[in-house]
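We just call them A, B, C, D and E in the order they show up, numbering each chain from 1.
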Amino acid sequence: QSRDNVQIAGSSTVLPYASIVAEAFGENFDFPTPVVESGGSSAGLARFCEGVGENQIDIANASRPIREGEIETCAANGVDEIVEVRIGYDGIVFASQIDGPAFDAFVPAQWYAALAAEVPMDGEMVANDAANWNAINEELAAWGMTEADLPALPDAEILAFIPGTRHGTREVFEENVILQGCEDSGAMQAMMDMGMDEDATEEACMSIRTDGTSVDIDGDYTETLARIGSNPDGIGVFGLAFYENNTDTLKVATMSGVEPSTETIASGDYPVSRPLFFYVKAAHVGVIPGLQEFASFFVSDELAGTGGPLANYGLVPDPELAATQEKVANMTTMDQE
Amino acid sequence: MNDMRLGDRAKQMDDTKIRARGVNVFYGDNHAIKDVDVDIADRMVTAFIGPSGCGKSTFLRCLNRMNDTISACKITGEIKIDDQNIYDSRVDPVQLRAKVGMVFQKPNPFPKSIYDNVAYGPRIHGLAKNRKEMDEIVERALRRGAIWNEVKDRLHAPATGLSGGQQQRICIARAVATEPEVLLMDEPCSALDPIATAQVEELIDELRQNFSVVIVTHSMQQAARVSQRTAFFHLGDLVEYGETGTIFTNPEDSRTESYISGRIG
Amino acid sequence: MNDMRLGDRAKQMDDTKIRARGVNVFYGDNHAIKDVDVDIADRMVTAFIGPSGCGKSTFLRCLNRMNDTISACKITGEIKIDDQNIYDSRVDPVQLRAKVGMVFQKPNPFPKSIYDNVAYGPRIHGLAKNRKEMDEIVERALRRGAIWNEVKDRLHAPATGLSGGQQQRICIARAVATEPEVLLMDEPCSALDPIATAQVEELIDELRQNFSVVIVTHSMQQAARVSQRTAFFHLGDLVEYGETGTIFTNPEDSRTESYISGRIG
Amino acid sequence: MTDIPEGGAHPQQDGPRRGSLFAENPRIKARNRAEKRFRAYGIAAISIAMAFLCVLLFSIVKNGLPAFTQTYIQVDVTLDQEVLDPDATGDPAVIAQKTTFSYAPLIQAALVDRLAQSGIETEVTPDRLARILSSGAAAQLRNHVLANPEVVGETVEFDLLASSRVDGYMKGRVTREALARDPNLDAAHLEIIDALKAEGSVERRFNLDFITGTDASDSRPEEAGLGASVLGSFYMMLVVLLLALPIGVAASIYLEEFAPENRFTDLIEVNISNLAAVPSIVFGILGLAAFIQFAHLPASAPLVGGLVLTLMTLPTIIISTRASLRAVPPSIRDAALGVGASKMQATMHHVLPLAMPGILTGTILGLAQALGETAPLLLIGMVGFIASEYPDSFTSGFTDPNSAMPAQIYEWAKRADPAYYERAWGGIIVLLAFLLLMNIVAVLLRRRFERRW
Amino acid sequence: MSTFWIVLVVLAVAALCFVLARRRALSAVDGDQRHLHSRPNYYGFSAALWAAGPALIVLALWLALQPLVVDRSVRPLVLEEDRNAALVMSDVTRLAGGIDRAIAMGGLTAQEARGLTADGLRDRLSDFGTALASEVSPGVLEAAQRYRTIEGRGALLRSILTIGLAVGLGAFALWRVAPGFRARTSVERAILGALIAAACVAIGTTIGIVLSLIFNTIKFFGLYPAADFLFGTTWAPSFGGGSSLGILPLLWGTLYISLIALLVAVPIGLLAAIYLSEYAHRTVRAWAKPMLEVLAGIPTIVYGLFALLTVGPLLMDVFGPGGALGVRWMGGGTSVMTAGLVMGIMLIPFVSSLSDDIINAVPQSMRDGSLGLGATQSETVKQVILPAALPGIVGAVLLAASRAIGETMIVVLGAGAAARLDLNPFEAMTTVTAKIVSQLTGDADFSSPEALVAFALGMTLFVITLILNVFALWIVRRYREQYE
């Protein structure tokens, strides 16, 4: 009884895309439909690196690049030929209840000022006591930003639903929004001036308040949506695809003046996004029927290209898709790159 | 002793404690008690005798509405205690049972300590003001149940670990501890040796001074010894009811006679 | 009748069925049986008498190892049935109990139908080839238990819905249905009326023709009527053991004498 | 006589129990009030529990009922030979080479024709027209053609699934305003739907596929069904029932009736109660390590799921079975042993039947728990996009990749399209129906075994 | 012969032995069962057990071991292949399976199959539904042929051995049948063995859990100081490293939420059980009990959503800012209270149904005894029935408590994700279990402490509950000894 389907595990962010591809693959090829398990990037990669053989998975989906330590573990278990395939980008958007306060536009500095645990004040780090969004701009002005550059914020209590610490999105949020905002607002400079070293500054910038204004969501975007549903003042962090499917209840805000969309993200104008990957066990190619075909099908123009079903669903197509296709065709492993 | 009791009888015939009229009991289709009329006198001991399965326990359980707990059991007719119909809807069976105590045929001690078994009734009726009074009540009840000497050193041992006869006496002690007005005793001495039996009979005699006692027994001798009135049941019928002396020496019904004379020992 | 039995006695004194030597039983710290030696003869009825709580039931339960089920109970000494030590590790208590039947002090029918109660033993021992034979066995056992007439119309009604005495007779019928070699009866007639008692005594007498019977009773008369040997227990001691006639007429020990003479009725 | 105290009668009490039966003395009054209160507590407890149940069931039914209907659009599609079989070979193998992508233009053309026929004017560009249909429509066409190659070149009438947005519109979930910022569908599409509906080509009807179908990807919620995962749950429950019940009851019998009191028994006992407190996800970790990585059983298989759930359910069954075995009075055991039954016979014939209600309760609770559990399945690969096909045969149902109802519901509840949210609730209805069906035998049996003694 | 058929044959042999042994036993005593040690069926069962038991055990062992043996003899053939041996082996098995399937489907004769060449084999087999990922190499084909030979031989041997064993032992058992043979004892011994084995499953599971957690736990403690983990009061994992992973706030959350859940479930469940078994009419009970059990069958995610969407906002309306009470105890809808309440509802049937069964099993004579003394029904319940049913009720409550500790979804959705040491029940907190799930399924590097901590959390919780259980057992023992 040998396995004849492709087995995939990993990120729940990639899962929708992988399942769209798997479904189409099953429809159009003689191979059975691949099985796509979810369970998280980390768990998927962990199983991916268990070893090679029939009872091991062929592909791991991940919403982040594989880490060095993981590659080492993989290699130790005999998984030394890994093909890394970037399928596109996941846009991260800020959305609120459709008839809630007018959260239409943000700059990162405003998020920093709203959510940082401690902010520099007169040469000292003090606990952030901002309670209302409409006070943020004043505060930023006090730190030296010109108020004219700052989009207007509504009169609403600060209540942000951000991804919990288990989510890779949190990392992106902290780095691309909070840290950026820290720098933009001049807070970083102020901290450096206080004599903090670079690491400490960065850490101070990125630590988020825990007094209830910022709520970690360990679940999925549906949970964030439900939270926003019952908290009109709340604003949440979503994936672009999720937002596009829920425009009836959510409205999105621009970031630094750019409206999130597949186009603006693909072009790099919208600042908050992260790449999505899948990893193929090259050793399984040629053994597991349909593996090569599936990988190629995934990155084909028909699916992953602009206007394809993945993009329709909200995946931001990779501008360098052609290179990826070639890489998959040759099964170029990571150490060959 | 016996004689003295016989002497008592006449003068106490007057007041009726329990008056049953036209009582029928059915267990499903089984007609267990058939149209029984009976008057149970106050301050007297009434014995129910009759062959096994004739309905003695059933009728006894009617008197304090213990039959309510058997769902298959249906009762018609009227039973009055102190001229109050106990099957009246206004009657609280709890109050009734506090007044009409019962010792069951099969000893059924609670799975608690001996002390707690006996103290249970007084506790729920609030008969003791404090711990010391309770101790006294328990001791008194156990003495009356003729079991004090055997258990006084292990009052806090579980009552279920006693011998059959000891359990039966615990149950008697438990029933008298609440000082009921009427005491129904279903074969209280069946598992007792002669000495213990004598003590329990002594107790019954003592209780009779103030209360009325109904006792089911299979021992004609016992009935003759302790009771002033005797009722003979047969297949659900109350065949004969009257003064104990008369029933035993001069029964009217032939069934009574044959039951009594068929006696052994 | 009694006289005839008395005549039988002498010639059957020879073979011993059960031989107990130095039996001690402890319930935890409670020393319930103290160093008892006794020989129980085959084809005879042995009566155990003594005040309530003296250890009769306990000793009876030793004879078919029913005490095994009480975890607190510890037994020392030797009990041999047909010269085999029943506490030997090779002895299968199940086989032992099939051979040594028991009627318990408190009637404990299974919560099943009357028929199933009685048929249970024969069924597990494979005593009936077919349904009809089983029906016969059940009928015979119920007849011997003096309960057939009362229950023949409701064999499939639950046994727990019977009166106390009826339950007791069901338990007797259940025990005799398996045709044990030794039958231990713990107060089998305590809840029975005189007529039923006589029938059970009849049964005991009948059983004695082939088997040995041990009976616990509180009725001296009964002991005198049915038994050939009598053992008197007191506070865990076997005070006296011997021919029933001798014990009742001419006891050696003063305790026996006072117990016997303290008898009432 | 020794025991009777010298002092004669106890001081006569005119205590609480003297007097009329009708007149309640204060103490009785207080006690009766306490009794009433206690009874009221009981009723209140039941009512509270029932109220919660009703609220839960109401919200489940309210949210889930729409999932049982679906919108279909009737379209005549010309299966163009030029596109599907340009060389007119009629060879199924050749036709099979055309992927679903080749069918998309056919649908588009059919829709344009349809609009032209009915004279419906629209600003929707032809390439966006097909968005009123499920993206699975092409696959539906292709499957039809592969099954009947002779239809190539003909015009066939199809009942095609409408897209989830259109379906939502028909169910009142999607409004025109909401579509303003929706990249998938425009308000103009809805005009078309309204027009087609007026002609009777758009219809919302009962959707059996929801109950019998298989999972679909995120882009076609309208196609997704629960059938395969119902089967997955069925297989798992089969494994659980066949293993957990006998093992659980056997273990309890051993511990309660046979085990000597020693260290080993204590060890088992402590272990069992400890296992009850082990989070279900840890059983998933165990399942992954023991069954998949060590014993090399296939991943995503109901067999493995069933084994994991068996281990998880065992403590529940054991604890409840032991409790009810303990509640059987010893006199029953004595009675059986006394007629020469062995301990085993006494247990099997008398004690076990009397303990049956508790055993069945344990089974009901254990199976309910196992049926609704997701977390351990996450680790053994039963959550995700798994159940896209039915197993080929009865036995392969144990080992073929499959999901389970709660996993499928959990997965649906996470998906972005609100149509999946509705399906998640619908799935819960199916799950509860399954649960009731499963329990009904146990509940009836339990009622039969219940008796007082 | 396939395993299925072997099992069938063995069972048939067992059935035959059953019949024969039974008959033999009966005929030995001329049909009079009374002279047999045990009932005839026991002779039958004992023979059937002898026939089927060892044979099936051997079969199971064989099935487990054969792949290892085959692998060892085929693997040398494929070692020259320039690929991972495990993978080539799976290619080999797939190819061998394909050839077998083709033969089974009539596409190949056994003869042809032996003479197959590698050329074009992939296409040929794909006609019979076997997809191969690449062209077949001659080495692989040779290995596959060898594999088929050994497999075939093994299967034959297996059939012979198993069935032979069944027949042989069955015959032996038949020969042993004699009136004095203690058939019942031997059957019961076998059953007892099975019972003990069933009880040992719990130990096996425990060992399995420990083994599947311990290695990663050790790895975690290698990366993160155990003292900081066990006694740390902050839980703040972060991707960039420098996380604080103190378990105390999680343990506190677990304890707090479970406590509230029990405070809801135990009174409601117990009172409901009492009402159902002591007061309610039979039909009410017959309906209400299974209805309550539905509460246990609703998937926990529904409870989670219920907490999130209904209970949380409701509590906010009462205890939140601007709420009905005018207190500002509650900051957000998710809190210990929210999760605890909802979890309590879920646990109601665990307490109610089990307790109801136990209460119902208290003998009627106990009720009679108490009622006969003039106790009210509630006094009877409280003072006689509950104490008598206590051991079972305690079991039910412990079961509910265990479930509360292990519950995830309700906590994730209802209690929030914040790890906090706080006394206010209206604050968001989280539990060990919820964090096990989130760290295990998260995005952190799987060999980083942030991911490995899940195993350490599982292990610690396991050890803690184990200690609590040992303690509970000890208490129960002490209490019982004092009582006796």
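Note that in this section a residue touches a chain if its C-beta (ideal position, glycine included) is under 8 Å from a C-beta of that chain, and two chains touch if they have at least 3 such contacts.
Nothing here was measured: the structure is a model prediction, and the numbers come from that model.
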Intersection of the contact lists for chain A and chain D: E
Steps needed, at minimum, to go from chain B to chain D via contacts: 1
Chains contacting each of chain D and chain E, listed by label: A, B, C
Most central chain, judged by mean C-alpha position against the global CA mean: E
A-E compared against B-E, more contacting pairs: A-E
Approximate Å spacing (C-alpha centroids) for the pair chain B, chain E: 56
Cα-centroid distance, chain C relative to chain E, in whole angstrom: 49
Cα-centroid distance, chain C relative to chain D, in whole angstrom: 58
Approximate Å spacing (C-alpha centroids) for the pair chain A, chain B: 83
Residues of chain C engaged with two or more neighbouring chains: 72, 94-95, 106, 124-125
Residue list for chain A, restricted to those that touch at least two other chains: 1, 3, 12, 39, 43
Sequence positions of chain E contacting 2 or more other chains: 184, 305, 363-364, 374, 376, 379, 440-441, 484
Chain-chain contacts as defined at top: A-D, A-E, B-C, B-D, B-E, C-D, C-E, D-E
Residue ranges of chain B in contact with chain C within the complex: 27, 30, 49-53, 57-58, 72, 105-107, 150, 161-166, 169, 186-187, 190-198, 218-222, 225, 259, 262-265
Of chain E, residues touching chain D in the complex: 184, 188, 191-192, 194-196, 198-203, 205-206, 208-209, 211-213, 267-272, 274-276, 278-280, 286, 288-303, 305-306, 310, 345, 348-350, 352-354, 356-358, 360-364, 374, 376-379, 381-382, 389, 391-392, 395-396, 398-399, 401-403, 405-409, 432-433, 436-437, 440-441, 455, 458, 461-462, 465-466, 469-470, 472-473
Residue ranges of chain D touching chain E (in the complex, touch as defined): 17, 31-32, 34-35, 38-39, 41-46, 48-50, 52-53, 55-57, 59-60, 246-248, 250-251, 253-255, 258-259, 266-283, 285-286, 288-290, 311, 314-316, 318-320, 322-324, 326-329, 342, 344, 354, 357-358, 361-362, 364-365, 368-369, 371-375, 378-379, 406, 409-410, 413, 428, 431-432, 435-436, 439, 443, 447, 450, 452-453
Chain E to chain B touching residues, read off their complex: 282, 363-376, 379, 383-384, 387-388, 483-484
Footprint of chain B on chain D - complex, ascending: 1-5, 9-10, 12-13, 15-18, 20-22, 24, 27-28, 31-32, 35
